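All chains are identified by letter, namely A, B, C and D, in their written order; residue positions are counted from 1 within each chain.
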Amino acid sequence: LPVTDAPAKPDRPAGLRTNRMEAFSDGVFAIAVTLLVLELSVPAGSGDHLLRAFAEQWPSYLAYVVSFATIGGVWVAHSVITEYLERADAVLVRLNLLLLLVVSFLPFPTRLLAEYIRENRPERVAATIYGITLLLASTMVSVLWRYAVRRRLVHPDSADVELQMITKRLTPGLAGYVALIIVGLFLPLVAVFGYLAIALNILTPFGLIRRRQQPRP
Amino acid sequence: LPVTDAPAKPDRPAGLRTNRMEAFSDGVFAIAVTLLVLELSVPAGSGDHLLRAFAEQWPSYLAYVVSFATIGGVWVAHSVITEYLERADAVLVRLNLLLLLVVSFLPFPTRLLAEYIRENRPERVAATIYGITLLLASTMVSVLWRYAVRRRLVHPDSADVELQMITKRLTPGLAGYVALIIVGLFLPLVAVFGYLAIALNILTPFGLIRRRQQPRP
Amino acid sequence: LPVTDAPAKPDRPAGLRTNRMEAFSDGVFAIAVTLLVLELSVPAGSGDHLLRAFAEQWPSYLAYVVSFATIGGVWVAHSVITEYLERADAVLVRLNLLLLLVVSFLPFPTRLLAEYIRENRPERVAATIYGITLLLASTMVSVLWRYAVRRRLVHPDSADVELQMITKRLTPGLAGYVALIIVGLFLPLVAVFGYLAIALNILTPFGLIRRRQQPRP
Amino acid sequence: LPVTDAPAKPDRPAGLRTNRMEAFSDGVFAIAVTLLVLELSVPAGSGDHLLRAFAEQWPSYLAYVVSFATIGGVWVAHSVITEYLERADAVLVRLNLLLLLVVSFLPFPTRLLAEYIRENRPERVAATIYGITLLLASTMVSVLWRYAVRRRLVHPDSADVELQMITKRLTPGLAGYVALIIVGLFLPLVAVFGYLAIALNILTPFGLIRRRQQPRP
């Protein structure tokens, strides 16, 4: 007769539990998103015209909002993935670390973008570096999900149609980023607004996918 | 006969679980509140009169305490909301991200306030920007709560009278912030102490609301 | 017949759950302790004598280790408290926020200490400000614990002798801090090593208190 | 007849629960890994040749990736350890704090390495300080694990062969770090790539160890 012999942590499936992966990821997402504020400042000695100096920082605010929305979008996608995840394996944990590497790197391109968006030549470089980082983050989310599905790390009761729907949701963003990186070589500011649109689009419909599991009769 | 068919994560209701939303939010709140300390410093070369230099930083300490108390108050309100929350949906997650956007932005207006509170004209600008940020944070908390109640995302066993009491608690702060923003155009320092009073007031009575659920006979 | 009517979150006692208070506190402790590293640096242009420049930063390392050990000690004490805590009430949550306010403030006095420990007059000021902050943190831990015990927020099955033992452990530190603050007015460096000794002492025996609950016959 | 008399937190074994130790550690790991990005920057006024200035920061990126991979590896090892851990005692909590002290210190040697890797003499000093920090972190992970095994803090159902396999995995890294610290005195850059290799090696096979517990007949 099979006996449950791990009373303290009874649910130990093959592979690592996902709770620490979730906690560590939430920490990195939360910090990356909050560190962005350290880049915001007005030039020293702006006292005489503080309101104007504050308003003139709009590229910083734009970069701040786009990066915040992008990390927020990645976090939502990551939440959906771990919602379906039953367990992790060694490769998944490593892929997740790669995703976190890109996310925690994002404040640097954000700073470059905020600093150089109004200067003619460097703004193209900054927008391209920024776009490539977003593309990498988005790619890693997609890779993470596809790996989890392929290796059957998702809950066995997840419907195939649901899994495919999520795969589809994650794909168009990649094409969008590639297109906008090219656009950004000529019209950097347009590309940045495009990045915002993708992030808001990812943020929008994701949670709606999740349906109540129908109990099997 | 209905059978529970998700043994590893048995409580998966319609919509996303709230645990990652809570973890991510706690991370952002904790970081925003702790980053405030990076703004505190004495001018270089204060060695000969360190105590005086330390004391002269009082506007920084005031801004620090007001922002800390405000984020603390938002966190308490957020805790009460998630205490009642049974599940999240896509819109709620996005509204929560908007709230976190405002909260993680707060260290920047805090820095402006600390820097310009003693200079006549810019202090009004700084106090106004600061007040508007607090108003936005407070508004987002209120919106988050009202949305959760309206969309029935709260626990079904929550008494209507409890829900209404929380709604009422969240409203006067908004009017207070609007009034203080106007006051701050003329008397910035008075407004800042007013912001502190609102934060302490939010902090005070919230937890008292929560009562033990009476078991239904 | 009483019926459990909150299946998703069945254990909702009177008062707030403690899980978010723990998560938020862990976040603040972890960030405060990690932000300390931002204060460490060698002067620009130390390339020719980097090893010496690195070694000459010893006051920074000392302040770093003392603050790390102190926050570590506060965290251990906080863990023990929440281990006994069954639920939180509004006052406890506010007292906890006060503790976190002091803890998140600590990196600033740490920086002052690291900067001025080698200059004759300001080092006394820096050591005193530092010591007062440690005293406040330690006091808040003690207040938090005494309040939890007095208001019966601890687990009902906790033995009185255990509770009293913890109360006793938390008290001598306070007297030690007061004594060292006075010592620090004359011998600042001695006081700093004393602060380290108190932190290490708090770190040492705490976990040993916790014993397995004897099952009642 | 023995009666379970702690209904709210029923699983309280001798010693502290491990959940707060995990949460606090995850916080420190996540922050240490994310703070690394604050060191990345291009020199002021790089607008005219931003792409070149960006590319010239490669030592910063290298240091960033090595430190990220190392902390990631320590985090994975730490996750495996707590996966086996049933409870903590006072000494384990202190050893864990020592590990976190080293991890949260790492951004400082990382900064030194990034800054001085291209200057002939200081790069050896920076690489040595960096390598010693990595060695200390790795040693603390090993000590933490060995202590947990020796004091029987691991789950009683863990197979001895599993425990020995983990002990073996943690050992070669230490020898590698010692060897590379010596190599770094002559060829600092080779040592840094060696550190990267060790980190990637630790990241690779760890999760594979964890097998489903066979139910005993």
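Definition applied: a residue touches a chain if its C-beta (ideal position, glycine included) is under 8 Å from a C-beta of that chain, and two chains touch if they have at least 3 such contacts.
These figures come from a predicted structure and were not determined experimentally.
Between subunit B and subunit C, the superposing rotation on Cα atoms measures out at 90°, rounded to the nearest 5.
Interface note: subunit A and subunit D, two copies of one sequence, contact each other through mostly non-matching residue numbers (shared numbers fall below half of all numbers used). A separation of 24 Å divides the Cα centre of subunit C from that of subunit D.
In terms of their C-alpha centroids, the spacing between subunit A and subunit C amounts to 34 Å. In subunit D, the residues touching two or more other chains are 13, 23, 26-27, 30-31, 35, 38. The residues of subunit A lying in touch with subunit D in their complex are 1-9, 12-17, 20-21, 23-24, 26-28, 30-32, 35, 38, 88-94, 97, 100-101, 104-108, 111-112, 116, 119, 121-122, 125-126, 129. Per the touch definition, subunit C reaches subunit D in the complex via residues 11, 13, 22-23, 26-27, 29-31, 33-38, 40-42, 46-48, 50-51, 54, 64-65, 68-69, 72, 75-76, 79-80, 82-83, 86, 155, 157, 203-208, 210-213, 215-217.
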